[in-house]
């Protein structure tokens, strides 16, 4: 603690580096989690529509429903009658409803089942299986769109995770460099300790403690900045863009912040231990 | 207690600082190490202290081969030796008292002992009013005396001083010599490298003269002398 | 140069910090530019449709066309006949074309003008003005969607620019801290120079040069990493997701890389000059 | 050439290192500065060199008030003085030759002059075979001699040496004294603080004795003496 006070400039610089690096990591983690949630939201909206042959009996409908439900990977099945389908279409056309007015009396739309898959990757095989069921005329699932979306979200996730990994490495590098430099600036001190007969552990301990304290303070600072910033962002966005749903689960945010502090402590401890090592060789 | 058998020290840059040196120093002796600048005095001292390793030959300290010590035994060797470094090596961030106390903390002395012993030994070297001052606020001679106090504070079995009077005026230097003689009488082995002809000549102790890495003279009750 | 070689460890650490920081900035700049292009693409797709009253004469159509064109902020006007509208609708319904088959003979769709605005913010006022033109029955522009999109893209842009600003500050902080530390580790050297009668400029110059060289090497490294990484990403994505259009304009990428190198040089120079100052006080 | 008028130096921590000192040193003089450890010798020297500023009183160097120099004039004051620091202050990253050359580079000497002069002056202090060695690979006395060479290399108008023989054996020390006397004869003012009684007594030069921050004695052709 004394040494932190006496080397105040270096200590402040180390704390600053730790917090700046971890702020970057923290912000990006939250961006990444939100992007992930967003793409999941998109994906879970994907659905398969099994259009049925005209005029089926109740038993047939039940049989088809059961067949679909028993396909592995199917998470949701719902029957949509031709009337429901018309309503839905009206809604989706919104301002061009007038087109459909002529259809009111004689509904050309077929009955159908709405099916959802557990994961977007399963949509294509499920669609194939449904097509084979008797009584199903056609399966619609926006083939090209699903494929694009699945590919795109997978890319976003991989690229995001990759970027996050690189950022974490960068943070570790920056922090450990700073700690190394701060140890380097005091290499004389370490040499003298060793010459006075200090055991390695005795020399290492204060630096370890210092590294941990610096790491802790720096990561705490960054945790506070990221946490406060994110919560205020969530509030603002709630008013400005009520339809965008950010992750507001306090637990997730807390986990991220906790992770940041933990990482800070760990890097501080490991960084200082590693940096002293080379000055400890006798 | 300390034995050199045919020790040669070759520094990585090719300088042969010690050349086939054999020497034996017994417990309780007082030895002056003299010789021209660059003769190898500090190198000999550094080898005892295991700051440098001998290139050839063996060095025994209390019967143990210094070069063969395991890394975790080294601190315990050093704790037996009080060392006055030629270049002081004070911790610039710590005050005088903290610098001296640090040598005691390192060997896990109790806080009470430290509080009592540190002012005591600083008074012995004449620095009792400089306890809370940083090394850079001291004169050269004062820094040297802090270094001496630090070497004495743990009452080591062997005291090695590398030119401890280089920055001291004759009065202070003589005061220090009295202190060392006292300590030596109490049983501590003292090894001191020096260029102070007057001191060596008056003290009448064993003198080991080194010249170009070789022991050129080893006399009980010797004098500094330069081919006189 | 010599001093860079002798202090190789510190120099490497400084170069590393510069490049890591600038890699982060560079990557994020490219992400931001792409996000920006993407939202612009979305926005430029926004259009207003002015639906006309039935059966208008050529002169009327010309008059309406002229009136719309003369509204300030209008960037594009196109006449869409009822037949074109039907074709368009068929395309957009894709898999549900069968619904419209009945309409082929008697097209219920009206004639319309497709109008685009220069900026998405102008859509609402333009729509109001078009509504007042004689012969226009209704103006459709997906009110709620436009508003949402405008708000969302504005947010993304502001948040992105803010984040980029913070990242740049962070990079400047990290780099200047590293340089400060590397100067600090050699403060004795500076003190001695001053005591030997070196002028301030003489002391400063080698550090300035060193700072610039370190900054340059570090930023060059980061420029190469970011540039190579981005180009390979563009290639991969071109194959994996041909429909996602990343910025591939070499000039833009080069500008970003040039900017990175420039920033590195500048921070290196300023950082080292500033750090020496406090050791130069006589 | 150098004049002190009622100079007092109070360090920030309250130590009064110089107390109302008046002193005048003429061009071409050879002055020994003696006195016990902590008397204020180095402080006096640092004030001439403008490493420290006087708290009260005036210091003139060649007629100019040292304390009133503008920051950009300070380097030119220092270039007139060759300084041997008590704590050496060598650049640890540069070799011996580079350290000495550096003092010439600083004053923008030509590369040719540097190449010629550096080995010359290093030979004068007896280090001609240590040109390409780093300071930490030198013995204490060798480091001190590098520092002396660096002070001499620019043939300054004034040479100030703060205990330049502290780490030297008597032979080498006498060699250095001969060198200084030679330089002094050639017109250079020499100021040297020292604890070497023998040297002061034999050289028969002006002796300024300082004790507790005050000038206690100032004799032409004096001796070291301690209340003898």
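We just call them A, B, C and D in the order they show up, numbering each chain from 1.
Definition applied: a contact is a pair of C-beta atoms (placed from the backbone, for glycine too) under 8 Å apart; a residue touches a chain by one contact, two chains touch by 3 or more.
None of the values given here were measured: they were computed from a predicted structure.
Q: If you take the mean of the Cα atoms for each chain, which one ends up farthest from chain D?
A: A
Q: Approximately how many whole Å separate the CA-defined centres of chain B and chain D?
A: Computed from C-alpha means, the inter-chain centre distance equals 28 Å.
Q: Report the inter-chain centroid distance for chain B and chain C in whole angstrom, where each centroid is the mean of the CA atoms.
A: Inter-chain centre distance comes to 68 Å.
Q: Between chain A and chain B, what is the gap in Å from one C-alpha centre to the other?
A: 63
Q: If you look at chain B, which of its residues touch at least two other chains?
A: As it turns out, chain B has no residue touching two or more other chains.
Q: What are the residues of chain C that contact at least two other chains?
A: Residues of chain C touching two or more partner chains: there are none.
Q: Quick check of your reading of the touch definition: is the inter-chain graph here a line, ring, star, complete or other?
A: Graph shape, chains as nodes and touching pairs as edges: a ring.
Q: What are all the chain pairs that meet the touch criterion?
A: After working through each pair, the chains in contact turn out to be A-B, A-C, B-D, C-D.
Q: Per the contact definition, I'd like the list of chain A residues that touch chain B in the complex.
A: Residues of chain A touching chain B: 3, 6-7, 186, 188-189, 191-200, 202, 282.
Q: Using the touch definition from the top, list the residues of chain C that touch chain A in their complex.
A: 9-10, 13, 16-17, 20-21, 23-24, 27, 89, 94-96, 98-99, 101-103, 108-109, 140, 142, 148, 151-152, 155, 159, 163, 166-167, 170, 173-174, 177-178, 180-182, 184-185, 233, 237, 240-241, 243-244
Q: Taking the touch rule as given, give the residues of chain D at its contact with chain C in the complex, in rising order.
A: It is residues 49-51, 71-72, 74-79, 83, 85, 89-93, 102-103, 106-107, 150 of chain D that touch chain C.
Q: Flag every residue of chain D that touches chain B in the complex, lowest number first.
A: By the definition above, chain D touches chain B via 11, 13, 15, 34-38, 41-42, 86-87, 133, 137-142, 145, 162-163, 166-173, 195, 197-198, 224, 226.
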